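Every chain is named by a letter (A, B, C, D, E, F and G) in the order it is written, and numbering of its residues begins at 1.
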Amino acid sequence: MKIIPLFDRVVIKPDTQTSKTKSGIVLPSTSQERPQIGIVTAIGSGLDIDANNVGMQVRVGDKVLFNKFAGSEVKIDDETLLVLRQVDLIAIMEEN
Amino acid sequence: MKIIPLFDRVVIKPDTQTSKTKSGIVLPSTSQERPQIGIVTAIGSGLDIDANNVGMQVRVGDKVLFNKFAGSEVKIDDETLLVLRQVDLIAIMEEN
Amino acid sequence: MKIIPLFDRVVIKPDTQTSKTKSGIVLPSTSQERPQIGIVTAIGSGLDIDANNVGMQVRVGDKVLFNKFAGSEVKIDDETLLVLRQVDLIAIMEEN
Amino acid sequence: MKIIPLFDRVVIKPDTQTSKTKSGIVLPSTSQERPQIGIVTAIGSGLDIDANNVGMQVRVGDKVLFNKFAGSEVKIDDETLLVLRQVDLIAIMEEN
Amino acid sequence: MKIIPLFDRVVIKPDTQTSKTKSGIVLPSTSQERPQIGIVTAIGSGLDIDANNVGMQVRVGDKVLFNKFAGSEVKIDDETLLVLRQVDLIAIMEEN
Amino acid sequence: MKIIPLFDRVVIKPDTQTSKTKSGIVLPSTSQERPQIGIVTAIGSGLDIDANNVGMQVRVGDKVLFNKFAGSEVKIDDETLLVLRQVDLIAIMEEN
Amino acid sequence: MKIIPLFDRVVIKPDTQTSKTKSGIVLPSTSQERPQIGIVTAIGSGLDIDANNVGMQVRVGDKVLFNKFAGSEVKIDDETLLVLRQVDLIAIMEEN
């Protein structure tokens, strides 16, 4: 089963391990307002709901920072994914 | 009796069995915020309320993910259907 | 006395019998959020409030599904009618 | 003293007798949400606040249906009038 | 000291005597929602905040009806004035 | 240290003495809703956040009336300044 | 690990020492509404979410004044950074 996000939406696999790794990123669970990290697994067509092409600024495989409470959660084959609008992505995280 | 949705609306037959099948999609009833799965049974003209043609991004027969609380419920011949705006559709679900 | 709706408004005669007929449409009174069925008895000019012609998507005589709480109720010659904006119409109901 | 409404506003003389006449229109006082009937006594230039000409859809003398809680009330020579935006008018009432 | 209103704002000298005069206008203090009467003493350039020229629909000296709670109050030489946006003006009052 | 306001913002040095001077302007502290007086000490580029040039309607040195609760306060070299958007300026005050 | 802000966002390293230095800027902790000072460490493409190029008004290295509660906080290699939209920047601070 594959999710094809509509409009300017993206599918994100949240990186729940981040706060425990040595990657240098720490997102302590005490802070409810910190954004989350995840990997983009699918992107929409880049059309917005008025049929304008806004262009996708991220690609499949990008590690992204996103707003924790944005989007919709869905579970496929025991994997929890998030579908959110591109605008709820904050930044791309890149290894040095 | 047939429903012809107006503007950019679509008619969805909700897939209430999803959470019990082996399709790989699990939408546990404990989570009120998870989106639902359904099949598109009719689509509107694609005109928005300002008479612009925004185009329909889904087709009849598509399996779609949508916001649970969006749209209006109607019952025809003992079948419960939902009419919602295309913008409330989140993604198309495709078999691998 | 005749009602000529302004802008993109329509006049609807609600079909209060629907929930009891054999037409196949059942709108149980227990659900406050189900839409209602009615017949369009008059339509506006199709101009919106900015003087753009948005076009009317329904015609007099159409059986339509509409949001229960939209619009304004008025009583003429013992007949209760609703005046609502075209955008509050959800779908056209057509006999098979 | 004369009121010249600004922009797309109209002046309405509310028809408080309607609910008691034989005109066929009944607006029972038990319902707070029913619209009111009145006569248009003056209309604005039809310019909106962005200086676009939206055009006036009603004329002086028209009997109109309007939202009860819209607009501003003013008393001139013991006559209570309402000034409201054209968009708060719902329909024109015409004798058959 | 002179007030030069910015954008589409106007300066109004409220006519606090209105409710007691024989001018025919009565604005009883019991009603909090009635608009007020005042004289326009200065007008802005007619540019809105996006630098579009919307044009001023009133002139210095006009007697105007305005929303009581709109705008900002300022006191100059013991005179209380109001600065409000043109859009908060409802109508021009003219002697017959 | 110098503040260069971004977009259509201005820097204002509030005139806290106004309510005690003989300048004719009285802004009693009892009224929380009265606007304040200040001197413009710096102006932005006049670009708005969509990169349109809206133009600055005030100049450095102008005495302006502004909304008390608008903008952000900053202290530089013991001087309290306010940075606010041009749209929160109400009027220019000019000596007769 | 590097943060590449999306759209018109910027990454800011907050200057938590400001309130204790001799730089002339004092942002007392008693005031919750005072803006903060920080250094821009990365800027986005300048595209807004509708794919228009709004242009970036700040450069990497700029000392900026920004709204304390805007944006998202992220911790990288023990360094706390903020990602916020350009519009939440108030001013550039420049040494005399």
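Definition applied: contacts are C-beta pairs under 8 Å (C-beta built on N, C-alpha and C of every residue); 3 or more make two chains touch, one makes a residue touch a chain.
Worth saying up front: this structure is predicted, and the values here are computed from it rather than measured.
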Exercise. What is the shortest path, in steps, from subunit B to subunit F when you may only step between chains that touch?
Worked result: 3
Problem set entry | Distance from subunit G to subunit B - Cα centre to Cα centre, in angstrom | 42
Seminar exercise, completed: Note: subunit G sits from subunit F at a C-alpha centroid distance in Å of 23
Problem set entry | Sites on subunit A at which at least two other chains make contact | none
Problem set entry | Chain order around the ring, beginning at subunit F and proceeding next to subunit G | F, G, A, B, C, D, E
Seminar exercise, completed: The subunit G residues in contact with subunit A across the complex are 1-7, 9, 11, 45, 47, 49-51, 72-78, 83
For this session: Spell out the residues on subunit A that touch subunit G in their complex, using ranges where they run on.
Result: 23-28, 31, 33-35, 48, 52-55, 57-58, 65, 67, 86-87, 89-96
